Amino acid sequence: MQTLISQLQTRFQLSEFILQRDNLAFVTVTREQLRPLLLHLRDKEGFTHLVLLTAVDWIEDNIFQLTYLLGDRTAGCDIGVRLMLPRDVASMDSIHDLWPTAATYQRELREMFGIDFPESPRVDEDFILEGWTDLPPYRRDFDTLKYSQESYVDRLGRETKDPAAYMKLKLYPDEDNDG
Amino acid sequence: MKDDFEKLLDQQPEKEPEPQERPALRDIPVREELVPRTVTAPDGQEIRIDPLQDYYCQAGPTVQTPAYTRIIEDLFNWARAESLWILGFGTGCGAIEMRPLMTPRFDAYRYGIQWRPTPRQANLLVISGYLSVKTLKRAIRSYEQMQNPKYVVGLGSCTINGGMYWDSYNTIKRLDDYLPVDLYITGCMPRPEALLQGFDDLKKLIRAGKAEGANKYAENFERYKTNQKRVIKDWDMPDYSW
Amino acid sequence: MADAEFGKADRSQYPHRRPDGSLDIDLTSGKYLKLWQGPNHPGITGNMSVELTVCGDEVVEGKTHVGYLHRGFEKLMERRTFIQCFPIVCRICVPEPDFNEYCYAAAVEELAGLEIPEKAKWIRALILEMGRINSYLMYLGGQAGAFGQGVIGQWTTYARDLMLDRFEELTGARIYHMFILPGGVRDDLPEGFDERMEQTLQEVERTLDDVYDTMFRNAVFKKRAVGLGYVDPALVDEYGITGPVARGAGVARDVRKDQPYLVYDQLDFEPVTGRESDVYARADVRRRDLLMSVDLIRQILSKMPHKGEVMATLPNVLHWKIPRGETYIRGECSRGEYGYYLVTDGSGYPRRVNVRGPSYTHAMALLEKLIVNVNISDVAGLMVSLHTYPPEIER
Amino acid sequence: MSVRDLLSPFIAWKHLFREPVSIRDPFNREASERYRGFHQNDVEKCIGCGTCEAICQNGAIDMVIVEGVEGIKTRPGDSGLRPRIDYGRCCWCALCVDVCMTSSLTMSNAYKWVENDPDKFRYIPGVDKKEWDNVKQGYHRPDGHRLNAPERIEMPELEPAERIDSFVEIVGGYSVEQARLEADRCVTCGICVATCPTHMPIPEYISAVRDGDYERGLKLLYDSNPFSQICGKVCTRRCETTCAASHEGDPIAIRWLKRHITEQVPYEKYRDIIGGPLPATGKKIAIIGAGPAGMTAAFDLARKGHEVSVYEARSHAGGMTRYGIPEYRLPFETIQREIDLIVSMGVEMHYDTRVGTDIQMQQLQQDNDAVLLAIGLWLGRGTRIPGADHPHVYKAIDLLRRIRDGEQLEAPKSMVVIGGGNVAMDIARSVARLQKQQQGEINVTLTALEDKAHFLADPVEIKESIEEEINIIDSRGPQECVSDDQGKLVGLRSWKVLSIFDDQHRFAPTYDESDEQLHPGEWIVEAIGQMSDVSLLGDALTEKLEWDRGRLQVDDDGHTSEPWLWAAGDCVKGPDIVSAVATGHSVATSIEAMFEQKEAQNA
Amino acid sequence: MPEGRGYQRLKSRTSLEEILEVATEFERTARDFYTELAPKVSKQIRYLVEELAEEEQRHYDLFSQLRMRADIVEQIKQSVETPASDRRFSDCIHLPELGDHPDDQAVLQYALGREHAAMEQYQSLAESTPGGPIRDLFAFLADEETQHKNELEKRYYEVVHSGGV
C-alpha cells in the first residue's frame, strides 16, 4: 500500500493522503485529476471493483466531499478517492462509462444531495422519493424532525419533566442563587 | 388486558379522534399522461378525455349496514371471523414474522388464516410496521380494492406513534390518520404467537360485529382523504379506486 | 435436449436500439405493453417493483423502482449518538440484521480505537454464521416458490424458525437481536447452548437433504433454472458483483477469505464456486455455502474459548465523542459484500454513514441488464436468484 | 432430464409419516429466559434520574409525576419522577435497562399486548399494574455489561510515610486527562443539585470539565459559591452521598472536579471571568466575622454595589477555614486567594477589631443600614469531668488556632483526644505531625463516646488517621482526667460504652464499668462540641432578641427578630462550610429584598 | 451523699401520704429555685432553665395527684416491676456552684447533680425500709428520679456534643 501511494503521489501530485489502516487509504484529488486517476487505478493497479460512491456534507466549510471507494479484490485493499466540490453549485461529470453501477450511485446523489451529474443516464428520474419538492433530504440543512412534525401529527399526551428542575421546584422553589 | 377487552366488545362506537390543525395541501406537477386532453375522433368529433375520472366510477365508499336479522348477521360474522384471508402485501419489516405464521410451525391455516396474493380475494390488510409514503399510496389503493367486510390490523410500535422512525421525513407516524385500524399488536416486531393472539382477538371483534373499520372509512372518507393527500404528494390515482 | 441453448441465441439485434443506445420502442404502436411486477407481488423478495416493457411474452426492457421501504437511515443516524445508532442500524435489512450491527460496531471501534475481547470476536462470528444460514434458508424457499414449488418454502421456514429459537435464547430477541454493540457483545452463551445448537444444525441438514432431493433433483426446476439469467464472468468486475452471484460465475470472491475479519483466519473453509453461472448454479452455490456455514458453526463452537469477558470497557456512552476520521468496514453477508462507510467529525454524532449492500448493484444495474429477452414467467425466478433485498438500495 | 429427476421429488411423500412440527398451543408459549419483553420497574429502587430517558433514541420515555403511591416522594436523592414508557415508540433495545443507574428497570419476557385504542400503549412500569409485573424471567442487565465505568479515577495522594512529618498538602489534584476521565463518568442527571446546600450547578460545570472549557466552569462555580477553591478541598461532599452513580459503584468525585477547575484557571483571570461590582448604591452594611458565611454575604452584596465593611476579631480572614482546618488539608495561599478575590469586589476589611471591645454593637447599628452577625462557633465545649480543669487539658479549637497562628507549640510525649468529629481528627493529626517533627515518633490516642460507625468525621479522615499511626479507640466514656500526686497529668480514665443510642437515636449510653482503661497522655484535648460566644451582643440586645434553643432565632432568610440584624453561618445553622455559604447567600438576597422594599415604600 | 437533709425527715414518716407530701415539697422547692433562677440567666439559655422548671412542675403535679388517688398501692407496685436502669453517665460530674453567669452546660450539670442526689437518696431509703407499701413508694420515687435523670442526660448530650462537624 505504501509503495502504491508514493507512486501515485509522484505521478498525480496528490495533495493529501491518509493511511487509515494497512489495507485502506484515502487520497484527495482535484476535479481534473479524478478521471485519469480512476482509469489508472482500474486498468493498471487492479482496483477494478467500485465499492461505493457517496457524498459527505461538510456544511461548515461549504463543501460536498465525493468519495469514490475502489477495491482491489485480489490484493484485498481499498483506496478512497476524495473530491471536494463547492456546496452551492455542486455538479461533477459522470463516470457511468467506467462502471455501469456508477449511474445508480449518481442517481441517488442527485436526488438525495442535489449534486448534478449531467450526462449520467436517467439521473433526473425519481429514484427513491416520489414527488419530492422540498430540499434534497440528505443535505445537513434539511431538518428532518421539523419536516416530520409539520407533515405528520404525533400522538398527543406526551410531556416530560427534567428531574433537576422538578426537584428545584419541589424542594427549594423560592431560592434562585444567581448571586 | 383481557377485561378491558370484553368491556370494549359491548361498548358503543368509540370517540371521534381529536381534531388537529392541518398544513396546506401542496401542488405537484401531475405526470403528462394523466393530464386531461381533448382528442379528435376519426369523424372529426372532439372528445375530452380526463384519465383520472374516465375509467373509474365516481362514487365513494358506502356504509354497509347489517341487512339481515340478528341471527343471520351473527352467522355471517362467524363465517367472516373464521376465514381471515390476509393480503400478502408485506408493507414493513414485520412481514417477515408472517412467514413462520403461514408455514407448518405456527400454522395459522388451522385458524382459517391464509395469505392471498390479490386484494380482491383478501379481507384483512396487515400493515406490518413502518409505512413509507410510497408504500402508503400502494397500501391505500390495495385497501380500497378489497371487498367490503375488510379489516386493518397495525403491527408494531411504528403504526401507533411513529416507532423508531419518529423523526423520519418519509414514514407516517399514526396509522389511524390514514386508514381505519381495527386492532394494534405492539412489539418490535410482534412475534408469531403475538400475531396469532392478535388475530384471535380480531375474531372476537368480528364475531361481536364491532370490527367496523370499513364503515368508519366510509363515514369520514373526507378526513381520511385530506390526510392522505396532505402526505402523498404526487396524487396521480383516482380518489377511490374500488 | 437437456441443455437447450435457450437464452444463448444471438438475439442481440432484438429489440432495435437507437444509435445512442436507448430502446427504439413506440409504446403507442400497440406492440409493447408496460407491465409492473409491482411492490405487492408474491414473486419478489421484499418491496421493490420492476417496470417491464414486454413484447408478447418477452421482456424488452426492465426498470427497477425502489423506495418503498425508505426510512432515511443515514439521515436519522446523523441525529443519534453512537450508542443510539446501535439499535436502529440492524433495522436496515431484515433477513440478515446482524451484519449491520457487526459492520457498524467494527467501524465505530476502529475510529474510537477500542479493542474488543477475544471471546466477543468468536460470538460475533457465531451470530453472523447463524444469520447467514437463516438468510439462505429463506432464499431457498423464495427460489422454489418463484418456480411454483411451495413445499420447499414450508420446510425451510420451519428450519429457519428453529434457528430463530437459538437466536432468541442467545440474544433475547428473534429477528432484531441488538446483541453486537460497539465494544463487544452483550452477554455470554447460555449453558447447554452447544447441544441445542447441535440438534438444530442436524435438523437444518436433514431439511437440506430433503430440499436437495425435491428441488435440485427436480426435472421442472432444472428445466426452468438451467440457462436462465446467465451472468458473464467478465461482468463481475465491471458491475461490482459480489457474493454467490460472482461465485456462481466461477469468480472465487469471498471477503471471509480475501480480507479475513473477526476469527475467519482461524477457521478452515474453502469458498464454494459454481461454473455455469445461471440460476441453477447460483442456487447450488448457496446450498453448498449453507452447508459450509453449518460446518463453520460447529468449528466455532468447538474452538471458542469458554471463559473470558465479552465486553470492552466503554467511555460514558451518553456523551461519547469520537475524533474525526473515516473508514470502510466490509464483510461477506449471504448476498455478497456488505460494507459500512463511516465518517466522524469529532462530535458525539456520526457525520455520515453509508451502507453499501450487495443488492445495490445486483438489483439495479445487473438486473436491468439480465432481464432483457427473458420470459415474463421467469422474471421472478431471475430476481430471486440474484437474492436482492431492496432496503439495502434505498436504506 | 433423466428418469431420476422425474421421480426424486416424490421423496417428499415421506413427510406423510413424520410427526407434525406445528406447535400445539401457540397462545401461551413462554419466551426464552433472556427475552426482551415488556418493562418492569422497581419504583422503590428507582430514583427518577432520567438517564433512561436520555439514552432512549426513540424518545419513548417521559419522566412523569407519580401521584398517590407511597414510597415515591421528591426528596434528596430521588426526584420523585418515574419513567413512563410509550410502546408506540419503544423498540425493546434494552439500552435503558443497561444504563439504569440503580438497575431498577428490567424487562419481563411477556410479549402479548393487543389493544383497539392506540392511546392505551403508554404506561408507567411498576405503578400501572400489568400482569407481567412480577414475571421473573426476562432481560436483566448481564453483570459484566456496564455502559459507564463504575470505579472512580484514583486521586494522587502522598503516602502516609511522606506526609506524616510535614504540613504539606496531601492531595495532589487531578491531571487534565484524569479529570476528563472522571468527568466523563457523570450522567448529568442533576439529582445532586438539590442536596448541595447552595444548589451549585454541578452537572453544568462537570460538562465544562469534559469540554475542557475551564472559564465557563469557573463562571458557573463563582455564581453560586464564592468559596469554590476552599470547598474544592475540604467540603463535606453531601452531593456525593446522593450521586446517582453511588448506587452501583463509586460516586463521581464532584469535590475533586470543582478543585480541578479552580486549579486549571490562572488566578489572574479569575477577576475578569467573575466580573466586577455594580456601581455604588450608597447602602452601607456591616458584617461581623470574616468566615465563609460573612464573606459570602460580603461578596454578594459588594457585587450589587453596596458598601460592605467586615469586622474580623483575628488578624486574618477565613474564620474556621483559616484557624480550624490544618495546613495539610487547606493551605494558606488557597484561603488568601479566595479572600483577596472577595476583597477585590470592594469589601472594606477591619482586622483585629473585636466587636464589643474595639467597636460597639450600637455604633454599628447606627451608621449601617444592615448588620450581619456571622461569628461562628469559636468556644470549645468541655467534658467537665473531674480533673478537667488541669492546665494541660485543652480545647481542640484553641490548640488548632494556636498551631494555625504559627505559634511554635512544644508537642507533648503523648496525648489523648476526646471526640470523634473532624476537629478531633485534625488536632490529633496536627499534633502527631508536631511529635514526628520534634520527637521522631508519634503517640496519640483518640477516644470517643460513639462507635466507629457513628463517628461524625469523614470516613476518609478516619482512614488517613489510622494510616498515620493514630490509635483510635471507639466507644469509650471519659470518666476522669487522672493526674499523679505532683499534679502532672497522667492520662484519661474511661469506661467501655456498650451501646450509645436507643432505637429512636436518642442518647442512652450503657457502660461496662469492669472494662476500665487508663489512656496515658501528658495532654488531654477535648473536641466534643462547639458553641458561639454571643457576649458581644451585650445584655440589652440579648434580651431584645428572640432565641431558639441556644441559637439566635432566625427565619429561613437569616433575618433575626431585630429588623436591622441578620445572622448566618455556624452560629445559626449547619455544621459545614458549604451550609455557611448557603446561609450567606440567603442573607444577601434577604438584605437586597429589604432594600428594594424600602425603595418601593418611599419611592 | 445518701444522708442528705431530707433523709431524716423522710425516715421518720410512716404513712404513704406523708412521704409523698414531703417528696412533692422537695419538687416544689426545686421548681421555685429554677423559676427564680430563669430571669438571672442570659436569655440565650433561659429556655433551658424554663424547661427544667416545667419538668419539676410536672413532677410536682404527678406526686400531688398521686397523693389524692385511693388505689395508690396497686399503682405503685405495678410501676416498680420495671425499674429504669441508671445510666451512670453523669455520675462523674461534680456539682458546680452556679455563679451569676452560668452557661447552659453548668445549669444542666447542676440539674443532673440534684436528680442524682435525689435518686440515691430514695434508693437508700428503699433499701433501708422493710418490705411493704412504703418500700414500694421509695422505689417508685427513685425510679421517677432515674427517668428524669436519663431525660436530662439526653438533653446534656444534645447541647454539649453539638456544633462540630
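When the chains are written out, they are named A, B, C, D and E in that same order, and each has its own residue count from 1.
To be clear about the criterion, contacts are C-beta pairs under 8 Å (C-beta built on N, C-alpha and C of every residue); 3 or more make two chains touch, one makes a residue touch a chain.
The shown structure was predicted, so the numbers you read here are calculated from the model rather than taken from an experiment.
Student: Treat each pair of touching chains as one step and give the shortest count from subunit A to subunit C.
Tutor: Contact-graph shortest path, subunit A to subunit C, evaluates to 1.
Student: Give the identifier of the chain nearest to the protein's overall CA centre, each chain being represented by its own CA mean.
Tutor: D
Student: Go through B-D and A-D and name the pair with more C-beta contacts between its chains.
Tutor: Between A-D and B-D, contacts are more numerous in B-D.
Student: Could you work out how far the Cα centre of subunit A sits from that of subunit B, in whole Å?
Tutor: 37
Student: Can you give the whole-Å distance between the Cα centres of subunit B and subunit C?
Tutor: About 31 Å separates the centre of subunit B from that of subunit C.
Student: With chain centres taken as the means of their Cα atoms, state the distance from subunit A to subunit E in Å.
Tutor: Roughly 90 Å separates the two chain centres.
Student: When the centre of a chain is set as the mean of its C-alpha atoms, what distance in Å lies between subunit C and subunit D?
Tutor: 57
Student: Please list all residues of subunit A that touch 2 or more other chains.
Tutor: Answer for subunit A, listing residues that touch two or more other chains: 129-130, 137, 142, 144-145, 155.
Student: Residues touching two or more other chains, restricted to subunit D: which are they?
Tutor: Residue numbers touching two or more other chains: 21, 31, 57, 86, 88, 91-92, 118.
Student: Touching two or more other chains, which residues of subunit C qualify?
Tutor: Subunit C, residues with two or more chain partners: 67, 70, 72, 75-76, 79, 87-88, 91, 158, 176.
Student: Got a list of which chains touch which?
Tutor: Inter-chain contacts occur between A-B, A-C, A-D, B-C, B-D, C-D, D-E.
Student: Sort out for me which residues of subunit E touch subunit D in the complex.
Tutor: 42-48, 85, 87-89, 92-94, 96, 103-105, 109, 150, 153-154, 157-165
Student: Spell out the residues on subunit D that touch subunit B in their complex, using ranges where they run on.
Tutor: Residues of subunit D touching subunit B: 20-23, 26-27, 29, 31, 57-60, 86-92, 111-118, 121, 131.
Student: If you look only at subunit A, which of its residues touch subunit C in the complex?
Tutor: 20-21, 23-24, 26, 48-52, 54, 56-58, 67, 69, 73-74, 76, 78, 80, 99-101, 103-105, 122, 126-130, 137-138, 140, 142, 144-145
Student: Quick check: in the complex, which residue numbers of subunit D touch subunit C?
Tutor: Checking each residue of subunit D against subunit C gives 1, 4-6, 8-9, 11-12, 15, 21, 31-36, 51, 54-55, 57, 91-95, 98-99, 139, 142, 144-149, 184-188, 207, 210.
Student: Okay, in this complex, where on subunit C does subunit B touch?
Tutor: Contact set of subunit C toward subunit B: 38-42, 46-47, 67-72, 75-76, 79, 87-88, 91, 94-95, 138, 141, 153-154, 157-158, 160-161, 164, 174-176.
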